[in-house]
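Each of the next two complexes has subunit A plus one more chain, namely subunit B in the first and subunit C in the second.
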Partner chain A sequence: MLALDVRNLSKQYPNFQLRNVSFQLEQGYIMGFIGANGAGKTTTIKSIMNMIHTEGGEVHILGKNMAEHEIELKQEIGCAFGGIEFYTRSRIRTLTDAIKKFYTHWDDAVYRSYLSRFKLDETKKIAELSTGMKVKYSLALALSHGAKLLILDEPTSGLDPVARDDLLDLFQELVAGGEISILFSTHITSDLEKCADFITFIADGQIVKSAEKEEFKESYRLLNGDESQLSEVKDRMISYKVNSFGFTGLIRARDFDPSSSIKAATPSLEEIMIYFAKKEPAYV
Partner chain B sequence: MYNLVMKDIKLGIHPMFFISPVLFGMLMLIPSWIYFLVPMYFFWITVPNLFGNFRSQNDMMFTTMLPVIKKDMVKARISVIVILELLHIGFAILFGLLNQLLYSNLNITYYFFAPTMGFWGLCMAMLAIFNIIFFPMYYKTAYKFGRAVAFATIAAMLFAGVVQWMGIQITSMFDIFNVTAADHRAFHAGILIAGIAIFAAFTLIAYRVALKRFLKVELL
Partner chain C sequence: MNVSISSTSEKPIYQQLFEQISAQILKGELGSGYVLPPIRQAAQELRVSIITVKKAWEELERCGLINTVTGKGCFVAEFSPGEMLHLRNEMVLKQMERDISYYKSFGLTLEEVMELLKKIY
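Entry: the complex of A and B
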């Protein structure tokens, strides 16, 4: 079953446009949602959550239309926005007490177990928690109401490497049961190399590609050659950088002849992002 | 809806604002004061503080992520404000009654409205005017409250000012409210009922308009 099915989302702003954003996430997998700052990640997530009006498109979660079953589906979604803080002067206990009333499947025992696992002290105020602890608290809340789909906007930004690694291990553990699915947006691509099953890449308000991680990377080639070789592939490249040794650039695998003498390698997610960002926006 | 109201009461609103109806109500014990000022403390102090706090705590974003719909968000927030308004009026009435008990033998001269049933009806009408301006203006953005509070407060105060001025200038009106109130119980009850009806009707209209506007708001 599809945990999340986004179909043709469109949204027009004066200086920005979300154009026919479509992607699907199978239940039980982790999807990394990548893109540069301002590419439309948060706008897409807010559209999924029905927080902003879209001009077109549909969102289906666990087989149901979000617009028609908003309350019911929000019971099944755990959502966390990195960097946004709520009621920071309230204690964890006070906040949880107010939140749990909204969820029909709230399980106090599960909540307690996550509190102790994450070493969260209920008497602490939100403002006293570190960035990593705040993300963990959001996750504890989401998991205690039995969320099947976790939508996390930049959950790992601002975390130290240890906390990040810890969180990524947790994500993998959560999806292992096959019931929980995670969509998380980030611009820290190394996180996705570690734990994502699928990658959806958005640039300039448009989905460039949404695919299984290795397939995603294999669909591009990172070329390295001297300047004389550049003219062979220049027209077909997504973008390239020229330096005193020659050039380095990104090309779609289908546009590249493997028998060519130009050195080609599989790019990392970060390289794909960087070369797409260098491309003229009009052609993206 | 109930959960949202409880969320506001437990999380969003400082307990001080549930004590303030009692404290402001006590102002009714000042003999022969301008009693219209008593319910005004609600929109001078409570409303800007509450909405400032909702904004600084990112309440809108927080609430949107809960399993609720926009309609219930507006309904709950307006209900909470109405509860507070009724608490303010309720305690003011209680202390108004105490005022009458305490000072009944002192032959106090009232220059402004005495705390009568009719006066409370006028207070309800004043709050009705506040609501019908404040909520629709606020829910255009659901975070900018300054202009909405200012306009609604000015309108409510203008109403109170004009009515009070009439109550002083028109002798028959002055007598009905301040001299022979006991002989005009039915008239006073009529004003109170009319005030309550206006409050209910205006608040309902305010809710409808506010909701219509809030449905178009983008939660950024």
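Entry: the complex of A and C
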């Protein structure tokens, strides 16, 4: 079954548009949602959650249409946004008591276990929490009502390496049962190299590619050669840079002849993102 | 079962898993009937994606090294010493092919390669 099925989402802003965004996430897997700042990650996530009005497209969650079953489906979704601001003067305990009333399957024991795992003190006021602590608190809220689909926007941002590692561990723990699925956006690609099963890459409001991680990386080649070899591939490259040692650049695997003498390697997710970003002139 | 994964290696992780486990099976360290951990559990413990483990297990099955029994798990297959030798040689040859093409790219002759191999073996 598909945990999440996004079809042709479109959204028009004065200076930005989301164009026909489509991708699918199978139940029980982790999908990393990557893209540069301003590529449309958060807009896509907000569209999925029906938090902004879209001009076109459909979202199906766990087999049901989000537009028709929004309230029911939101019980099944755990959602957390990076940089979210809670009402700062309240204590954690007070806020949680208000929020948990919305969820029919709220589980206090689970919530307590996350508080202790994340070392959160219930009596602290939101204003007293560090950025990382706020992220952890919003995750504790997202994980405590038995959600089957977790949609997390930049959950690892603001966390130190130890906390990030612990969080990725937790993600793998959650999907191990095969019932829970996770979509999380990030630009820290090292978080995904290990634990993500699928990668969806968005650039400039359009999905560049959504595929299984290894297949995703292998559909590109990172080339390395001297300047005389550049002319051979120049017009088919996504982007490249030239220096006194030669050139390096990214090309689609299908545009590259493997018998060529140019040195080719499988790029990392980060390299793919970087070379795509170079494709278009920088914003001025 | 011993597995160590390098995330900096050029080799895809499923390939590393496959190579290390197949070597242990063919050396007889993992005897026939040995139960491999379930895919999702292995992924969690190894800190790799589920699909990575799935691919490695599938590759092992395709090579006839393990059998999957639905609902029970993956078991190391049973083979005669002859079959084991055959499978082992097949894998070693595959690796040798890759190595030889590397030596050839330096223009080395077979004699020169043998000479160098003897030095470090």
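Criterion: the second predicted complex is superposed on the first by the 280 of 284 C-alpha atoms of A that agree within 3 Å, B and C clash if a C-alpha of one lies under 4 Å from a C-alpha of the other, contacts with A are read in each partner's own complex, and residues count from 1 in each chain.
By our rule, contacts are C-beta pairs under 8 Å (C-beta built on N, C-alpha and C of every residue); 3 or more make two chains touch, one makes a residue touch a chain.
It should be emphasised that the depicted structure is a prediction, and the values quoted were computed from it without experimental measurement.
Asker: Have a look at subunit B and subunit C on subunit A after the superposition and call it: clash or fit.
Answerer: fit
Asker: Name the contact category of A:K46: first (subunit B only), second (subunit C only), both, or neither.
Answerer: In the superposition, A:K46 contacts subunit B only.
Asker: Could you look at A:I71 and tell me whether it touches subunit B, subunit C, both or neither (first, second, both, neither)?
Answerer: first
Asker: Counting only touches as set out at the top, which of subunit B and subunit C does A:G28 meet: first, second, both, neither?
Answerer: After superposition on chain A, A:G28 lies in contact with subunit C alone.
Asker: With subunit A at the apex, figure out the C-alpha centre angle toward subunit B and subunit C and round it to a multiple of 10 degrees.
Answerer: The three centres form an angle at subunit A of 160 degrees.
Asker: Would you sort A:Y103 into first (subunit B), second (subunit C), both or neither based on which partner it touches?
Answerer: In the superposed model, A:Y103 contacts subunit B only, not subunit C.
Asker: What is the contact status of A:A253 with respect to subunit B (first) and subunit C (second): first, second, both, or neither?
Answerer: Neither partner.
Asker: Give me, in Å and rounded to a whole number, the least C-alpha distance separating subunit B from subunit C in the superposition.
Answerer: It is 29 Å, taken between the nearest C-alpha atoms.
Asker: Can you tell me which positions in subunit A touch subunit C when the two form their complex?
Answerer: Touching subunit C from subunit A are residues 28-30, 168-169, 172-173, 175-178, 193-198, 212-214, 265-266.
Asker: Looking at the complex, which residues from subunit B come into contact with subunit A?
Answerer: 3, 6-7, 10-12, 57-59, 61-62, 64-69, 216, 218-220
Asker: Name, in rising order, each residue of subunit C that touches subunit A in their complex.
Answerer: Subunit C residues touching subunit A: 7, 10, 12, 14, 40-41, 43-44, 47-52, 55.
Asker: Provide the residue numbers of subunit A that touch subunit B in the complex, in ascending order.
Answerer: Going by the criterion above, the answer is residues 46, 49, 51-53, 70-72, 74-75, 79, 81, 84-90, 94-95, 97-99, 101-103.
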